[in-house]
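After this come two complexes, each holding chain A, first together with chain B and then together with chain C.
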Partner chain A sequence: MHIPDAFIPIWQGAIYWIIALVFIALALRWARNEMNEEKLPLVAVLAAGIFALQSFNLPVSMGTSGHLVGGALAAILLGSPFAAVFILSLVLIVQAVLFGDGGITTLGTNIINMGVIGGFVGFYTFRGMMGMTKNMPISGFLAAWLACLIPALACAVEMFLAGTFPLAEGLVAMGIYHAIIGVIEGFVTVAAIYLIITARPDLVDAKVSTPTGA
Partner chain B sequence: MIEELFQIERDAYKDSLIHRLDARVKIAIAFAAIIALVAVPYSTMIYTVGAVFFLFFCILWCCTRLSPVVYVKRVLAIVPLWGVIIFFQIFLKNKYYTDYHVVMSLPFSISIYAESIEFAFILLVKFVICISFIILLSSTTKMQDMLEGAARMGLPAEFALALGMMIRYLFVFGYMYRKINETLKTKCFDALDSHLPYRYRLRQLGYTIGTMFIRSYEQGERVYTSMLCRGYGRDSFLFVEKKPLKGCEWAVLSISLLFIVAVPLAVWLTTVRLF
Partner chain C sequence: MMDNKTFIIAGVVIALLIGAVAVFMASGDPDGLESTALVVQGQKELTGATPEDAEIEEDLDGKFSYTSPMPDYSLGEALGSTGGLIAIIVGTFLAFMVVFGIAYGLTAAGKPAK
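Up next, the complex of A and B:
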């Protein structure tokens, strides 16, 4: 899902960068207001944790594997979609600049996909589902699954607009592949949230464990 | 990727002309080269631009005194996934060509087109050379230097601070990952082993990830408290010391940027004049 340089024309990359910068500015505002001395280690460890999560290749089928995204996990634990934008921006910068995973001209696109779309979809699905079902595992699972699937579909659309992959084939391939990875992401996200709520409830946003989630 | 992190940092701690350059110069050169390469249209002119840029990269790489094997290993670690997508281009039509000529027809109405092969090759050239400049940057710049360089270039203080902390935690995670991985190996656990029940593998991975998170957080929390005692805190990166570039660094930066802009422009002008 990390679109590298050259797969998106420079002018389209610039448009995605401008959109991403708006969300990065809002995420920075969140960081200025929310990221105090207590929360800073959590934000940093979540960023490093998501980086580590993304480096775990999970088996899918027929010898293929995929990695997790982590946008939903960040947004749910810190109680804001902008937390996911902030954290995923950090992760994607490190991956692009140090490892060449993703690109510089496509960094805006990748932030939109995994940070903005992943974070907002994950956060609001979780809140909505918690309101309806009052069940953390179901809400967390669905939020993480959608936060994995929808950014992948967005990635396919962006590649189509760039002219580097056809739409139908891209949507089918990315959709099927990430629907499967999303199931794993859902299980791992729920397991991680459950473990953190159990072991260190003080680290988690209070609304995660309340029945209504509101 | 976590194992690669340690190797990258080991390479960055070596010494050479390029290693000693200010991080800002290297960041600016790498980013400018990537932007210039991506800005070249999807046309065959990328072959000339790519060849000149790759030569430029090779000269810089020779100055790093790092083995070419380091470069090849890192390219091979990155290319495969997107290499598959580049390979699939040979079967696809795209908006950059109007006429397509079939080179080979395969069963199930699948064809390989001459123009698609050309497009795949253009993508490959752009992709590999962009990656090369990133490898050059990360293999010759310590993470801390890169962060300070980025902060001096205007990276917001909140980002710089969180990135600095994140990089520290990455190494904590790295050590934690090694320990946990060794433990899992001694218990003969392999996440890719299809003989083990899928549910068991997922549960084990969930526990592993959760434990890594909590143990790293608790260790990081103790480290952060110690850092606070030594004057490091939320506002530390607001006060990054100013450091002007040296004359030779300005020279390297100016000549490189001029070269990066001039090469695609010269190739484009030559192409336009030819037609």
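Up next, the complex of A and C:
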């Protein structure tokens, strides 16, 4: 769901950019205050992994493909939605500048959708579900599914405001396609959490393995 | 438990493998957003296949346009999948290094001087 330059008027892109910059500033503050050097290997490996996963367009039938976003994964593993904002913002900048994947004037919008909305939806869904179910796979799956679907719906609303898509049609199409992509995102997110907990439990946010946070 | 070096190498190798497989296996169908654009422009049915000749109409009047050095994760037709592999490798390492570099700078700057 990387929005190209042609899909949003520059003035609207500028507004999204300003909002995105506020969250980027908060994410940098998070990195300075909350992240410690021990987490560096996980943060950097997640960036490489999310970049690679996003380049892989999986067929989702209906003449459509989709790739994973990774916002929920980053937020869950590092224990903060700002971790997703931090990693996704930088990955999206690399994609836009080097590969033309997503526009420059729309980069702020893409950061809001995939980093901010994806990160916050993924993180709080995971925390809420863990509190209720104490079950990592169920919580991780639902968090990742919603962190794929909700940004897609936000994107449809932005496309409506930009005059690019009609509201209902955009919401239905974006919703259907990303509900399917989100299922793949859910499975991969849970698998990745398992792999990383097995390899390095010490790097993962404590609430992932101990649901009560005790 | 894995040490940091092994963890980083294993992680980057997995990322590169995913990227390499993507170069050969990724679906050529438009992504969710592009597909939606084709639907609203009447070129594609919501649940139908994407026609070969479907092309998104872009209204570029007064809009910014930018040409990236490696558009669509490719180095051009001539280099084919080799170019695709190079693009993915460059991107994966760059994403790793940019995030590592900035995260390292911030965590080191946030600590009191020793």
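In the analysis below, the second predicted complex is superposed on the first by the 208 of 214 C-alpha atoms of A that agree within 3 Å, B and C clash if a C-alpha of one lies under 4 Å from a C-alpha of the other, contacts with A are read in each partner's own complex, and residues count from 1 in each chain.
Everything below uses one rule, namely that a residue touches a chain if its C-beta (ideal position, glycine included) is under 8 Å from a C-beta of that chain, and two chains touch if they have at least 3 such contacts.
Model, not experiment: these values are computed from the prediction.
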Clash or fit: chain B against chain C, after overlaying the two structures on chain A? clash
Does the superposition put A:191 against chain B (first), chain C (second), both, or neither? first
Between chain B (first) and chain C (second), which, if any, makes contact with A:28: first, second, both or neither? both
Go through the superposed model and pick first if A:202 touches only chain B, second if only chain C, both, or neither. second
Quick check on the superposed pair: does A:36 touch chain B, chain C, both, or neither? Answer first, second, both or neither. both
After the superposition on A, what does A:52 contact: first (chain B), second (chain C), both or neither? both
Counting residues of chain A in contact, which comes out ahead: chain B or chain C? C
Looking at A:135 after the superposition, I want to know if it touches chain B, chain C, both of them or none. Which is it: first, second, both, neither? neither
Among 24-32, 60-68, 78-86 or 240-248 on chain B, the segment whose C-alpha atoms clash with chain C after superposition: 78-86
Taking the two structures together, which residues of chain A meet both chain B and chain C? 4-7, 9-10, 13, 28, 31-32, 35-37, 40-45, 47-49, 51-53, 55-56, 58-59, 65, 86, 90-91, 93-101, 103-105, 164-166, 169, 199-200, 203
Sites on chain A touched by chain B in the complex: 4-7, 9-10, 13, 28, 31-32, 35-37, 40-45, 47-49, 51-56, 58-59, 65, 86, 89-91, 93-101, 103-105, 163-166, 169, 184, 187-188, 190-192, 194-196, 199-200, 203
Residue positions on chain B within touch of chain A in the complex are 1-2, 4-5, 8, 30-31, 34-35, 37-39, 42, 74, 78, 82, 85, 88-89, 92-96, 123, 126-127, 130-131, 134-135, 137-138, 143, 146, 156, 158-159, 161-163, 165-170, 172-173, 177, 191-192, 194, 201-203, 205-207, 209-214, 216-217, 220-221, 224, 228, 233-234
Taking the touch rule as given, give the residues of chain C at its contact with chain A in the complex, in rising order. 1-2, 4, 7-8, 10-12, 14-16, 18-19, 21-22, 25-33, 35-37, 39-40, 44, 46-50, 58-60, 62-73, 87-88, 90-100, 102-104, 106-110
In their shared complex, chain C is touched by residues of chain A numbered 1-7, 9-10, 13, 28, 31-33, 35-37, 39-53, 55-60, 62-67, 86-87, 90-91, 93-101, 103-105, 152, 155-156, 159, 164-166, 169-170, 172-174, 176-178, 181, 199-203
